[in-house]
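The structures considered in this document are given below.
You will see chain A twice below: alongside chain B first, and alongside chain C after that.
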Partner chain A sequence: MNHVFGLKVGPVSFRIGSQWRGPVAALRRLYAGYPEPDGVCDFTVRLEAERIWRRWLRPSVAIRGDYVLPDAAPLPLAQGLLAAEMGMNLQMALGQKRFLLLHAASVERDGRALLLTGHSGAGKSTLAALLGERGWRFMGDEFALLDLEDGRLHPFPRAVSLKNESLGLLNGMDPGRLGPVLEGTPKGTIRHLRPNPEAVARMGEAARPVLILFPRFGRGLEPAVREVGAAEAFMRLTQASTNYVALGERGFDALARFVGALPSKAIDYADTAQAEALIDDLWPAA
Partner chain B sequence: MRDARLLVRLLAEPDRAGEVRDWTSLIALARAESLIGSLAWRLEGLDLPAPVEALLEAARRDGEAARVQALWEAEMARRALAPLGIPVILLKGTAYAAAGLEAGRGRSIGDLDILVPRRGLPDVERALLAAGWEWVKEDSYDDQYYRRWMHELPPLIHRERDRMIDVHHAILPLTARPRPDMAAMVADRAPLADGLFTLSPPDMIVHAAAHLFADGDLAGGLRNLWDIDRLLREFAERDPGFWTALRERANRHGLLATVERAVRLAHHLYATPANWGQLTVADRLYCRRLVARDGWGRAKRPLTRLGFYIRSHWLRMPPLLLARHLWVKARKARR
Partner chain C sequence: MAASRYAADPPDAMRRVELEGLTLLYHRTSGLTHFLAPPAPEILDALAAGPASAAEVAASIGERFEIESEDPAAAIAARLAELEAAGLVWRT
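Entry: the complex of A and B
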């Protein structure tokens, strides 16, 4: 591969190879200050031309690597950074077997972790990014890694991916922490935010989870909190996990212990201030 | 890492793991060849760098979960087909796992492959459809293509478990030139404890070799040849007369040359303890193709690959039929 970048995020390391300079240059800027892989990479991502001539002519980036989706659509070269991010997500979703992978955001305070999970658009990324700037340690906005042995959550603090209306959150943020504005992507306008130095420096520190939240965002919603039973939380988390089935009995045991040991709540909110207030109310009791 | 030779060497001689400088490339390559699980088992217990060991340990556990899942899928098929009273013979990875063979250790297992007598096909089809399997391809040409010329039903997928089953009634397409004696294969099947069957040991090799060399473009060939190496070692150790039985059996199926090639290449690449003669010029071309992958997991040597791809179609059907098939496929692709 012509251009190579190595990246360690929490307990997982990646090797990203690209036929073009652009995506790797963008990764270097976005992930400045991240550690390099130590020895061996868990996953390889390749960004390469869909067809040979597509390297030069209307270049389009096919996302390949150790694990691939056969029908993944290529992205234009201008969105090469997004291709790299999607490539890393794909490796995690299809290939990660050392942890139970939950599609969730997580933040930590006083050694205790809060898990935020829900459908796309529930506001996981936005809330985690916001809390990460207000005294919590940001642990990740995409995947939470549940340890199969001891039940702790491992950080996976990749760059936060903010979309469309959430981009307002970036106003006033240090421009050095921001990626390029990516317009016209399959998910609309996207911009990445590098987590703050504390989140990066402490990416090796796992934390004990104490509360599971299922946030729901909606313009007209009244702020509300609802108890979620362990069985419902279990079912919803099996759907939020990409490798629950592949892990077999170990995945079942880890998830059953997880939902049995800590409370789960669903919260409704119409703006981030409401969500913050709800979390501040719930946190001391957790 | 320019080709897969280091991976091949480590599988054959795991003690040489100390020579590995670039584990990331080796692992990417092993994943691309579906050999990561086998490699992980071969390197078990060696003194390796901790992050490498963690990766291989995950691969071993993953292989174990895949084995359980594959055996469960076989059990599901057994329950669906048991009332028919016809023999159901497991093939490939599921067979190796069910029979507890070394070849099944860490092997990735995708679809469930079974073999049933051809006369039983309509009943099997009905029973599987009734038990929740559905057709993957709805296209009528594809359907006809499978039914008239192939050695298997069109693929079926289970609507709840999302797992595919390939129901074979022969080990090669009906249009291929060699005509294996399927009645003998079914008659000599080996029973498993649960009422299912595997092929007899010599037929298992014949099938693996036919699948590798007489019916495909060698995609995944290193893994299939690794299966053959493991099977040959285990069968030969159990039964000193195995090599003779294998030759006789391969000859009966019209596949002696194919099996001989498999043994020569397994000996050459994986040091299988059987010297069946020098590599031929064609064998060397096969080797070139088999190791054509680099440390980024990328397929290399496009022309060699293309040659084998064309050859695979050539072997499957006579030229006129092939021309017609490619014509129909091309017209469909344009629509």
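Entry: the complex of A and C
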């Protein structure tokens, strides 16, 4: 690999190699201030030419690494940053064995963590990014890492990936924290936001989770809160976990303890102000 | 024809957690997680003593619980068939 970049995100270290300068330069800018790995990296992501001659003719980036999805589609080189981000996700999703990986966002306040999980489009990233600028510590928007031993959540504060309508959130944000605008990606227009300095500086601090939220976003929805039973929360979180099955009984025990120990609620909202108000109402009692 | 007899893995092959009236069961043999509603956990308890027919399981459960059915053995047989499909019991 001609171009290499290493970084730590929470307790996980990555090494990203690329045949092109562009994606690695974009990563260096986006992740300025992140610590470097202090030993052997947990995961390696390689961005390679799909075929060697494609490096010169109409380049397209194939994502490779320790774990590979055979049908992961190559992306045009202009989306190399996105390819690197997807590669990091993929290595985590398939290879992480130290934590129960939940496809969820998390934020922390006063040492207590809030988990936000739900389907794509539920607004996890948007809400976590917003709360992270409003007095909460941003812990992650893509994966929450549940410690199998002590049940705490570990941060994984990668750059937030904001899409389409959520891009308005970036208005007025320090341009130095923003990645390039990536248009025409498989998920539409995407732009990354580097978490604020507090989130980066405290990426090693785990927090005790106290509330699980299942947000649902819809333009016509009335703001509402519904209790979610522990059994339903368990089932939904097994679906939200990428490594529940691989962890076997350790994952079962960790998840059963997790949903048994803290309340779960579903919230409906039509805009971020409503969601913020609902979370402010629920938080003190959590 | 003799009634089918059913067997289940011993209790230490399963990890069980009660959550709000449901039983979450991790089946160590298969690595699968199951959500069980009554009387499925009670059926597995009854089979822990050894293989039994649906009527014997119904009698065993009937000693401790009231089974709301005109034909308890048939009701238990239906649940046994579901547990068999889930891979938690089998016919001997």
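Simple rule for what comes next: the second predicted complex is superposed on the first by the 286 of 286 C-alpha atoms of A that agree within 3 Å, B and C clash if a C-alpha of one lies under 4 Å from a C-alpha of the other, contacts with A are read in each partner's own complex, and residues count from 1 in each chain.
Following the convention adopted for this analysis, a contact is a pair of C-beta atoms (placed from the backbone, for glycine too) under 8 Å apart; a residue touches a chain by one contact, two chains touch by 3 or more.
No experiment lies behind these values; they were computed from the predicted model shown.
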{"item": "Which of chain B and chain C A:Gly229 touches, first, second, both or neither", "value": "second"}
{"item": "Partner chain(s) touched by A:Lys97 [first = chain B, second = chain C, both, neither]", "value": "first"}
{"item": "First, second, both or neither for A:Thr238, with chain B first and chain C second", "value": "second"}
{"item": "First (chain B), second (chain C), both or neither touched by A:Gly248", "value": "both"}
{"item": "A:Val259 touches, of chain B and chain C: first, second, both or neither?", "value": "second"}
{"item": "Chain B versus chain C as contact partner of A:His154, first or second or both or neither", "value": "neither"}
{"item": "Touched chain A residues, chain B compared with chain C", "value": "B"}
{"item": "Doubly contacted residues of chain A, that is, touched by chain B and again by chain C", "value": "248"}
{"item": "Chain A-facing residues of chain C, complex", "value": "15, 17, 19-20, 22, 24, 26, 28, 31, 33, 35"}
{"item": "Chain A contact footprint on chain B (complex, rising order)", "value": "23-24, 27-28, 31-32, 49, 51-52, 54-55, 58-59, 61-62, 64-65, 68-69, 296-298"}
{"item": "Complex interface listing, chain A residues touching chain B", "value": "1, 13, 15, 17, 37-42, 44, 46, 48, 65-67, 95, 97-98, 246-248, 250"}
{"item": "Complex contact set, residues of chain A against chain C", "value": "229-231, 234-235, 238, 245, 248-249, 252-253, 256, 259-260"}
